[in-house]
Structure formats: C-alpha cells, structure tokens
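Here chain A shows up in two complexes: once beside chain B, once beside chain C.
Right after this comes the complex of A and B.
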C-alpha cells in the first residue's frame, strides 16, 4: 500500500459525462491491496463503466463479503452506499437490500473463496431468485488474505507458490451459473479493460442477476510459473469468444461489423448489447451449446472469455414476486405497517 | 513510434520545463529542494554555477522558467521560482570560500568591453583557468544595464555590488571610467581575444512634430541612467510614458518616486499585446499608474518653448478569428496634458566605435554578424555577447551568452575548433529509499502560489532606494517550495519488467499513462487515456512489452511526479530517478561538482 493519498489534482482537460462528472469523481479511497493486484484494475474498470453510463454514485449500493476482493468496494465510488458483510453472506444482504429498495443499482463484489467455498449456497440462491444486481467474482485461485492456499477455483495440477500441486478439480463459476439458470453470465480478465468495461456496462444494465467471473491475478501468491491464474498464463490461454459492446438507448450503433456475425439484444431500458462472435459457431443465447463449448475449451486448458450467456426478457425477483412497484424504502410508514387492527383482521381469517 | 531514446540528454532535460526554458539551464527543482532542506548556501551555489547572479536574478529576472512551469498548466499558477531564488540569495552564507580562485596565469590576456552581465560571466568562467581579464567600463561603477536601467527600488545597489565583487575581486583588472572608442586601438594592444559586451545602449527616438522644441522629452533608458547616477532627481507632476514594455514600467514607477503624481503609460495596442511582463504590469498598477490602451502618439504640443502635452490618435482594432489584430482605424484625436514625456519604445545596440577598417562584417542594420552558438564575429578572436550580440534580450540570456563565449574564447586560445561544442550529458540516480519512500517530497501539495509582500504604498515613495519587494518570509518559503512538482525526478520505465497489470495507469492522478498498441504519434495521441493535445510536450514511448507486444506511452505534459506509478508497480518497472543534466562550461562540465566540493 502507498502511504500518500492519490493527489486530488487532475488533468484539466478530462472529459465529463452526461451528468457533468469526470471519471475521477467515481474514485474511492486509496487501495491498500498489494501493488499490481488485479482487483485494483477491476475497480478501475468499474469506475470507468459507471462513469460512461453516467450513473450518479449515490444511486449505487456496493455489497461485499470477506476477502481481498471484498475490500475493494472501498476503493471505488466513494459516494455510493456500501455494506461489507459476513464471509460468504453478501448475497443475503444484497437480496434484503434489493427487496427493500429496488431503485438502487446493486453491485456485489466477491471472490472465489467468498462465493465458491463458504458462500456457495448463498451464491446459488441469489442466482435462482434472479436478484437484480451485478455480481462480480474477482477470481485469483488463491486465498490471498491468508497467504496463498488454493481456493475452490484453482485448477487441478496448478501449483502453489512453493511448488505443491492442487489435487482437487475446480468449481467453474460460469458453468455453475449457467446450469443454475443465471440470466447473464460473462467472463473477463482484469488485464483487458478494453473488453471488460463494455461487459460491465451490459451487466449493470441487465434486468436480473448478472454474473461476471473476472480472472484477477494475485501478484503476491499466484503469479508464478505453474499457476493457471497468472498474468502470463491467462494472456497466453485467453480465448476471446464473444465480444460484447454496449450502446445506450439514445446512442447510435457505430460498430462496424460483418453481417451475420453480429447480434443485438435489446435490454429492458432500451439500451442494446451487441454480440460480436469471434467464433461464429457460438450462440450466446443457447444454454446447452454454451455449456458444451466452455467445457470443450476448458479441457484444452483455454480460458473462454466474453459475454457467454444472456437470457432475453429475464424476469428479476420483484417481477416474479409481483411486489410493489415503488421501493419499500420510500413507502410511508402507514403503508409499510398497516397497524394492529389490520393484523388482527388477517389473523382472524385463520382462526 | 520508435522507443524513446532516453540516453539522449535532451529527453529528460525537456521534461524539466523550468530548466529547459531557462537560457542558462539552472537546475531549478534541485535548488528548490535545497531551500526546502534549509541549505541556502548550497542553493545559492547551485544557482550561481549556471546563472552567476542569483541575488540579482532573484529580483529582476525575466523568468522564462515561470511561464514554462508545469504547475502553471495544472492549476494555473506556476511555482514562484524567481522569489525562491531570492530566498537562497538572501539567506546564503558568504560563498567566497567555495568559489574557485583565479588559476595560475596561462599568459593569455582577454579584453572584455563593458562590465555588464555578459562580460562578468566571461570573466567568471575564464578566471579559474588562469586567464588575465581586462574589463573596460565607461561609467564609474560596474554592472552595465543592470545598474543603469533597473531602478534601485527593484534592485538595490548593495546586491549588485556584492555579486559583482564575487567576480571582480578574484582578479579582474577592471578599468572604470574607460570608454573604448576605437576597436582598432584595442586590436593593436594585442589581446588574445576580445569580448564585446556593450549592451544595447541606444534608446529609440520618436521623431514626431515638436520633438526637439522642448527639453522635457526624455529617452527612457538614458533618463533611467541619469537617475541611477543621481544626475536627475525630479520630474514634473504629469508624466506620459510612451511604450508599454518593461522599461516603460521602470520609467513610470521611477517617475512616481521623483515627484510624478499623475503618471500615464500610453500603449498603442490592447493589453494582450503589451510587451511588459505581467508581474511588472501588476506592480505598476498597484502603484496607481494609469495604462491607456489604443493611443498612437501623433504630436508633441509645445507652446512658447514649454511642453504642454501630446496629441494622440485613438485607435480601434478588430481581432480576427486567429486572435490577430486588424489594421487600426482612427476614432478620434485626443490631447493629453503633461509636463514630461519619457520615450520607452525600445532600444538598439550601437557600435559607432568599431571602425570599418577593422573589417568587421556588419548586417544591414549596422550590427555585427555574430554566430548563433559560438558568438564569434567575422574577425578571429572577437566575440560578442549579451544585448550587443543580437539586440535587447534580458540578463539571463546575457549570462548564457557569456558562458558560451567563454567556451569559445578558451577554445580559441587553445587553438581548438570553436564550432566543436562540448556535449551535454544526463545522469540518473534512483530516489528509492524504501518500499514507499523516496528521497524527495513526492506528495502533491495543493496550496496556491504565495504572493510577494510589498512595502506599503505610502512608505515606498519616500526614497527611491527603498526596495518594494520584501522577499518571502519563512512560512511562505516553506509552503512555496512544496508547490514544486519535482519534474527532475523522472519516471523511468524498464519494459522487460512489466507484467501489464495496469496498476500504474489506474493510480495515475492525471491519467498520463496508457498501455496500447503502437502507432504514429498523431494516432497515439488520440488513443491515450486523457487528452494529449499539448504537442510541445513529448510522449515517452517504451519498446514492445513482453506479454502482449503493446507499448507503454506516457504523456509528459501533466505528470505531477508523485511517484505513485512506481509505488504501485509490483515489479519495479517504473522507478523515480533524479536526473542531473550536465551543462558544459569553459572550465569543464559541472553538475554536482560544486555541491559536493562544499
């Protein structure tokens, strides 16, 4: 960590977004993570995405669990709401917060330990309920805060810093999420913001649970030879499959692509996600073919990245429940609590 | 783009905007750090090595360093470099023991004509090498235009005397009251080389009707000289100054101290076209001098041998889209009353004492043909410097001319080729002290520029010798030094160590770093994280990075040298290294020499 705060001085020619903010207005506190941590790069991509979408920072709620990744919400969007919860329990907090106030923009930041070990159950149920949130797994394959033990996402045979090999097979959050019915699934790499930022923007605008598994190398405990989550290994084995670009509803589509290899999907707010398929055989709206494609390439040791699956017209939790259109948090107390007389009337029905 | 060649001394030199902008290349950030550490004597010596007159220049330098200062591009106001220089001079110990004594005589005799900044610098550089310097001065005191043209309320005579003494007392044969009126006679004396540093002593005249009918119309620099030598001690209540350069500012402020009550400066053009430095305008306006724009002088009105005033044409200009002034149109004729007029519309160098027979080649304006870098003339062994060489510039340029001419004179006397100039160099030293510790104050300090305190408006007019500027106090100094961005602490990149984690890019407060595909400069400038429109500032481009073959590009324009890129770099690919630009002088290349000798 650095001892000094990032100077407030900024480039006088910085562009501003639709609400007059510069990207620096989306910063948080100075990171205390190790220098070169992939997570910091993801935080930076998150700031860029919210900046480009012109989201007001105070309309965002950041929730996280425990771990290096879960510390990072402090380092972006200083003006947002935040809740740093118990290990693996972030999905419950997110569900509760979302139930109470559906108007905020939710971002959950978790790691491979927080989501795939202690919090695996919670993770699965948040997907099942299709909570309207962006859920990030900053995936580095190790427990960084406890000095580099293998996590549940470490590949079998990959080695720890001191050389011992991992005997267990990994949990792939992307395959898991698709099989659980997740409505938006993508994989990115912290070292490739050019692809990560549009994917984050699409995920923020998705109406439902958007999972992004982001390979995020741990420079201190998992960036050596033998690691399959290092910068060098990820770059060498990255297979960019579907390039997503994101267009706000008021913008014109400017991407120049060959017909036939491009598909636009309209989001519920009118914005569009464009899929550019690097591999023409890939269909990001078909669960079965997505799963077999990812499995096939995983067997070859390749890391398939991109916006891998999106369900059109997804119904998030509130529409499934048919809950009040107005956020509960903004309802007057008299509506939230109809009083003892009403309660007595309801109870009387079961007597 | 090709990878930047950082071994070329100019690359890192031009990142240090102030040092690059200074004609004499004073290592400004280095001496500002010395001041911060309380080493005023060291700071003085660091200054003296390049600009020779820190006390004088700390008050009246034209400060090309300040408009160049990176801080000015970031939060509008540059570091008060000049004021800090004065702090070093005011608080320095006696430096005599640190200056090299005159060397054992090498038997070569050099004549310097004029005892101004350029000649004194030549003497300063050549004395340690054993040259015998004979310096001719027409007045009874040395200093040249520094003494005659700069009023003592801006530059006290003691400061001038002290710094000149540091050179002269080491063994210059200074011949005062000796006006050279024949170059031929001087050539006949058999000097090994002659340096002409006679300045630009002829003020421009304004030949309008009535010009010669009154003795109350003065040429600015001549009038200032009379005041300096106390031959003039009064002026009328109503004074018009014609012209709006720095000499005009000195004339109007001097008038106020000699009895002027209603002093007007008459400018032909609008304010943005004024020649005076902004701070000199401010100082004059603080003293309630009126500056009237768009007035073209037309006639001196003299009745019965008495100056009544002047007629002006009031002009109107249009400004076109490129910000250029149109040809003026005359709106009306205006009469302005006055008792005295001072003409401050420029000055020329003049050489009536150089005979045609000497064969010295002159330009069409009767000025000598002088080589741009080695200062030689058409006659072997005669060199020109200061305002005498290329017309009026300023003190700091005169000093640099002196340094260059001294190298030429030394080479000439050694029988070497004077066009073969000694090279500059660059030395880099890491400032890393610990994991996140650097040997410089790297945090950005957002205090605004400190204002100089002045003697109050009533007191200052009591005596022309009262220096108006009080100098920075201890607190102002302590805060102002922290405003320096340490541009000499260079960000140095080693591409083979880079793992492209983006940490440096993400942490950079001014977004000056980008990892991207290589391309041509114009294309690259468009693809950087923040606009890189200032083409006067270079891009620092790395070789291909090991993992992706992309390049690291740094736009040097707005880097605050906070070192966060190096702190957040997990592999040490970025390092903060102090650059020392070595500048050649006649007595050899000096950079850290003076400081370490101390």
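Right after this comes the complex of A and C.
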C-alpha cells in the first residue's frame, strides 16, 4: 500500500462480487502517469478483472521492473504486496517469489523497454520455465521515463517525436513468446477495455505463463503522426482476430454466436475460455498457423489482437520440479530439519 | 642424505587431467586417514577437462596440521610435461617416482633426490585389455607401489576398494590386481619401506574427510533453506550440487513424497540473485552460490536488497582474480567487492569461514543474520576450503536449533494494529518489521529500490530520504553486535610477544596455527593471533589491535583487502597494520608465514 492514499468513497449502490468487495477495493494509489496514458486504462481493466474473479487482493503479488509501466502496480490492488525491482529483472523476482509460494496469484507488469531490451533474457527464460503468472507488456514503442528514445518494439520506419525514423527491425513479443513455447499469448489494446477484461481474466486463470502484449500509446512521446504505436495508427490497423470470453466454472455458457464460430477451451480449474473467431480461418490452439497468420498480417502493417494462442494442460514450473503443493514459505522447520541421527549417518560416508 | 620421516611428510602427485588419477589419489589419502594418521588432500587442477597438468598434494601430519607446509618430500611424477618443475620442487633428501616405461635418466637427475622408476605403463598394457583400463590402472598401480614404499596397511586398501566398488565386484578385483602389481614391483626392486614412512596411529577417530562446499550445502539444508537458484561457475558449483543431492535424499515430504525444496538453475547470475530475493521476500529461506565474476553481476540486485531490506544468503567461493583470473586456483580476493557490492552507499554483512566445519555452522548463522537484519549476508569461503579434502572433527548438530526468522508480523498482529508501515524503527535497534505477501491486506506495502520514506512510500524529499539511509547505517551498528565475535588465540604457557600480533581471516587459519607453533618451538616468539569471523567488525577486533604496536594482517590477495577494510571501517592508523600477502593462487603455506612474519619482526625490531 502506498503511503499516498486517495480518499475512498463508497457509493452505496456499487455492485459487490462473490466475496463482498466492490471494484473500489481493488484500487491502489493515485496514478502519477501523464493524463491520457494508456497504462492507466490497463490498470483499470486489471482492477475490473480481479474484481470480477473475486480474488482477494492480498492473495495477489504484484511485481514489476523499471519504467512507466513498472510504476503502475502502485495504482491498483492496494491490498496486495508489490515489488518494484530493477530494470529488466522482474521475471527473476517473480520466479523466486513463485518458487517460495505457489499459492499466490502473480501479476508482472513490464514494458517494451524492460522486457524486450535489458530484460529480454529473463523474459525468455521465465517463459521457458512456464512460471505460473500473468505477464503484461504495456507496449508503447518508446522509453517514456527517459523522454522518448525508441524501444526494441518500435517498428522500422516509425518516427520519433522530432522526426527521425527508427532504422531497426522490431521485436514482436507475441511472436517471440509463441516461438519460445509460451502457453498463453494474447495481444490487446489499452483503448479496448471491453476485450481486455476477459483476456486478463483468462490470463489470471491460466495455469502457466500467460503473456499479454498490450499496445498502450504514450501520449507524451509517441502519439504523433508517423508513429506506429499512436492511438490513431493502432485503431486504424488493429485486426481483431479472436475474441475471448471468459466463463467461470460455475457459470452457464450463454451462446451468443452461431455454432462453428465458437470454440471453448476448458481451463485447469474448470472455467472456460470461449473464442469467438472473428476470422474463421484462425486456430488459436495451433502454434504454427498462429505464427504464420500473425506474420502475414504484420507484413501488411496490421496489428493482430485477441487471445492468439492457448495451450492448456502444460506443466508449470512446480509440476516440472515436483514441488510440494504447500508453499515452501509455510513449511514448518520440523519438516526441513533432517536431525542429528541423519547427520551422523551422512558423516559415516566421509570416514 | 635421506632422513627418517615418520607420519610427517608431503606426497605430491603430478598427473594429466582426465586420466582418472583423482580417484586413485583420493584412495591413497583415505587409506592414510584410515590408518589413524592425520592427513589432508589439496587438488591443484587446471580449468580444463582433459590433457593439462594437475597435481594432488597429500600432507601427512602426525601433529594434525592441515595446511600446506610448502615442501614436497615425495613426488609421483606421472606427467612428462612437468618433469622438470616437479623434480625441482622436491625437498633435498626426498624422492621422485616416475613411469620408467620410457626411461628419462637425463631429465630426472638430481643428486639430492632419490629417483624411483617403475614401468607402470608397460605393466598395465600387459595386464589389462581395454584402452581405458590401461590408462586408469596405471594410477592404481602407483598407489600399489606406495603401499610398499610407505608401508600403507594393505587391508585398509582392500577394504576401501571393496566399499568403492560394492556394486561392481569385478572392478574391485581389477583394482586390487593393479595394486598388487605396483606393490610387488616396488618390493622386488627397492628397499621397502623407505625411511619416509607411515605407521598406524589413533589420531583420526571422531574425524571425517570432507570439503567445504559439501558441508556448506548440507549446512543450508539444516538451516531450513528451501529455494536455491544459481548459475554454474567454478568453484561454487559443487556447493549447489551438494545441496541438491542432500535435498533429494532428505527433503522428500514423508506424507506426499513431493519435494520440500526448489532448485532452479538460472540463465545467469543476475537472474539467480533475483530469484533468491523474490523467494526471500516471499518468506522462504533462499540462497545462491557463486564466485567473483558472479558477484560482480549480482551487485545491482544486492544494492536493491540492502536498500529495500530483503534477506538473502550468498556463498562466494572465491577464486583467483581479477576478471576471469585463474578459475581453479584459490584467493581471498572479494573482500572489498563483497563488503561494498553495488553502487552508492551500500554495505553488506560478511562471514569468513575458515574450514568445512565453519561452512556448515555459518550456514545457519548466515540465514539467521539475514532474516534478523533483513539484509544480504555473504559467506566468503574460497576454493581451498570449498574443493579440497579437509580432515575435521565430526560435525555436531544441536537438534533444538530453531531458525531466527527475525521481525515478521503475522496475520493476528496485523489485525490488531491500526496501520502497518514498513520502515519504522519500532524497537530502536534500527531493524524495522516486515510482512509477507498473502498474509493480510493490512500488511501490504510496495518494495522499491527508489527513494522511500520510513512509511514505505515513494519519496524525493531530502529529509525523508536521509531518515531511512541514516537508519540503515545504524542497522549496521546493530549488525556488529550480532555477528560472530573474532576468535582469539593466546598461549599463556610461554612469555607472549608484546609488540606484535597476527590477524587474519578464513582459510589462512591452518597455516597460521602451524606457523605460530613452529615459531614458538624455534624461539622466534609467541605471537597472539586473532581470526576475524565477520564484517562489520565486532568491537573485539579494534580492542585487540589496540594492544600492540603492530599487527601483521595475513591474507590471500594482492591489495591487502582485509587491511583496507580495517583501516577504513575502524579508522585505525594504517602504519599499525602491516600486510603479509600470499596471492599466487596456491593455499598459503605455514613456511610462507614463518618466513614472512620473521622478516617483518626483524624489520620492526631494527626500526
């Protein structure tokens, strides 16, 4: 909880969730980002997602690196512990935290600078280990806090505020993640909260590493004409491919679309992600076709969004390691101390 | 020329690495140990897998000295490439054994050294079928010759072979055949035993032979560590290997058969320390092990842990610096970089184990201090302690030990309080209270490496910032009262040297102990000696130094890093601290210290 608290005003009519909390209970401190920053819309979608899932805020652990995006965990879920680590190293903090306590719900917030430049190594290895967490890249193509340098996700030819064009090819976190074997990959847009919330909910409930790359325009340094990460450019070139609905395991599926257009995938806890395929040719469970589809549209300058790839039933880190279901952090010492006789037995081998 | 040396000499074995000599040499050392004679083994190996020179040095010491003496009495020269240097190293009156399948009369000529040629290759080529056995058995055959030459108990060797090859009896037989071949040749051609020989004693009961990485890994198990993450680096890798192996044996949950531990091989050292911080933040006892280059990479995160007050334990098994240095040689060269690892005003708690016993017990101390003080604790061990074979008394375990988890509010305490603020000095000892994620919403706070005030909130206000960093400085004063006190060695039985004393750390200890005894026996003075066990310095350290005109600070690095730290941190007049430095990559020998200290004392008396 940040020391700076915004006044909490409860409207008596606010709806409550299954554990009796209102969406206000999922708020954090006042944002200090620029007015209109895409990141704030994402924070608001995050609050909504956790609220709708009725997750107790203190059972969530928030981790981040360095940058504008990494500041945002202060602005949501004030009742959750947060860890603003060092630049590009959030995945290792998340991995260690998860190793110590697998019972909590982990959200990592990062940016394109934090994850795709200095933190590219850790990002890739967290995917490889399939850490059970939701990992957000709030992607704006620039370094905001240091005033507008290109990041590694900036498209070739996209221009900076003062006009110079980026000469390097971009790293697409979605393609990278799918190729590294990431088990849940989606792309959203901060300007489309309606779709962001179900994607976030699905990501939170995914058993494994869930990456959401969220285009989140920087209103101060990268929202001009010539930028390919501006609001205008993103809206014009967005290609919504699969629309994800999230259904809790106890809810009825209400068929809203014609059969054939809809595909349900059961999550590990019994809840379901329903994919409404806007583009009928798209199969979000096929890695190879997903990659080629995204590549084809990228070549046309289009940004493919939606829950693009999902592999349920994969083994997250703890099931690979064979860890106790109980958190390491709460194991009593009596279970960890091998005792005097064991030590004597071991030392016999050293004679 | 030859003098009789009973249970008191050094055997050095010069081999080519990757030829299987390590197990033969280990068997030789173990057999002496099992004859009840104190012994240690030190391995001087290359950073290489096959084909380069490697040496194993066995010190036999009826008086129980465990360091290098600095002399070699018997050289087993199995590497033609190093014949010249190996012959030159033998002390006058000593012996050299070599494989005379290829006679080297001219190369191996020294009037004061007895050269013993045994056609090991020829014998093994004839006796064994496979190419691998021909190479391996050469090593076993020279052990057989030594059994005759040094009068090793054959029954002990036989038992060792039986134990080693319990699952493969045919290998025990083949090894025994090679032992007998060497034995018979030596008996037939030389007068056995030599004046240099062994005779059973009863001085090793209650002792074990082990290396410090093994005991550190086991010590971490007993400390209750559940999470480790590391990146492979010599000479620390075997510490994690030991922890993993002991966990596999000892940490399966009896009820569920699941693992009560997590071992994660990281992609680099930056990630390794990050995982350790994440796990400690979340309430597990977590650690990493590395060496100098890894410590450099971990520095950024260590600064965060210092400032955000996150416990962590890091074993730095030091090796020769700078840069990549000599990865398989020993030094105590990370003292300053560990003490101040990271940019800005950062300081860390250091522990200096002196042997494998310390590595075990300091593991519990390290975790207790890390959680009590909420800060990283770096255990500065070294390659000599970590990877060599030490004889130590059996480790004792106090089964009433309970980990000190430090100041952590539980759910009930949080419920009972109005509000929790992370960095308040509630108790006046400069150590704040912390909370763990997932326990209670009231305990929630935001860890940050950026400026924060005592409430845990972000700040850029000067007074709020200073308030926290000043408390952190005071926390270090508290640390100085909690770390292990230095160990004082004073011998009152003879008149004490009043003007001079010795001060050192870690693995210098054995050599200093022997050097003090020898200097006393030779009438060169009875010097008080203090071994520092931790940084920040316990108040006894300054109290000791004040008593003498000059204190000789003995350490294994070029730049007198311990002396630097004493000078800076205790504001001691540098002219009172005289450095004595060994930094050639070999474990410091007692000879070096006797000679060095004698010279310094002469110089001091002359002045």
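Assume the second predicted complex is superposed on the first by the 325 of 351 C-alpha atoms of A that agree within 3 Å, B and C clash if a C-alpha of one lies under 4 Å from a C-alpha of the other, contacts with A are read in each partner's own complex, and residues count from 1 in each chain.
Operating definition for what follows: a contact is a pair of C-beta atoms (placed from the backbone, for glycine too) under 8 Å apart; a residue touches a chain by one contact, two chains touch by 3 or more.
No experiment lies behind these values; they were computed from the predicted model shown.
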Dominant contact partner of chain A by residue count, chain C or chain B: C
First, second, both or neither for A:219, with chain B first and chain C second: first
Touching partner for A:235 - first (chain B), second (chain C), both, neither: first
Which of chain B and chain C A:115 touches, first, second, both or neither: neither
First (chain B), second (chain C), both or neither touched by A:61: second
Touching partner for A:207 - first (chain B), second (chain C), both, neither: neither
Which of chain B and chain C A:44 touches, first, second, both or neither: first
Partner chain(s) touched by A:86 [first = chain B, second = chain C, both, neither]: second
Touching partner for A:14 - first (chain B), second (chain C), both, neither: first
Overlap of chain C and chain B interfaces on chain A (superposed complexes): 1-4
List of chain A residues in touch with chain C within their complex: 1-4, 56-59, 61, 63, 73-74, 78-86, 89, 91-101, 103-104, 121-122, 124-125, 129, 317-318, 321-325, 327-331, 333, 335-340, 342-344, 346-347, 350-351
Chain B partner contacts - residues on chain A that touch it in the complex: 1-15, 23-24, 31, 34-38, 40-41, 43-44, 190-191, 193, 217, 219, 223, 231-232, 235
Chain C - residues contacting chain A, complex: 33-34, 208-210, 218, 221-222, 224, 226-227, 229, 246, 250-251, 253, 256, 258-264, 266-268, 270-284, 286, 300-301, 304, 394-395, 397, 399, 401-403, 421, 435-441, 443-450, 453, 455-458
List of chain B residues in touch with chain A within their complex: 73-75, 436-437, 442-444, 446, 499-503, 505-507, 509-512, 530-531, 533, 547-548, 558, 560, 562, 564, 567-571
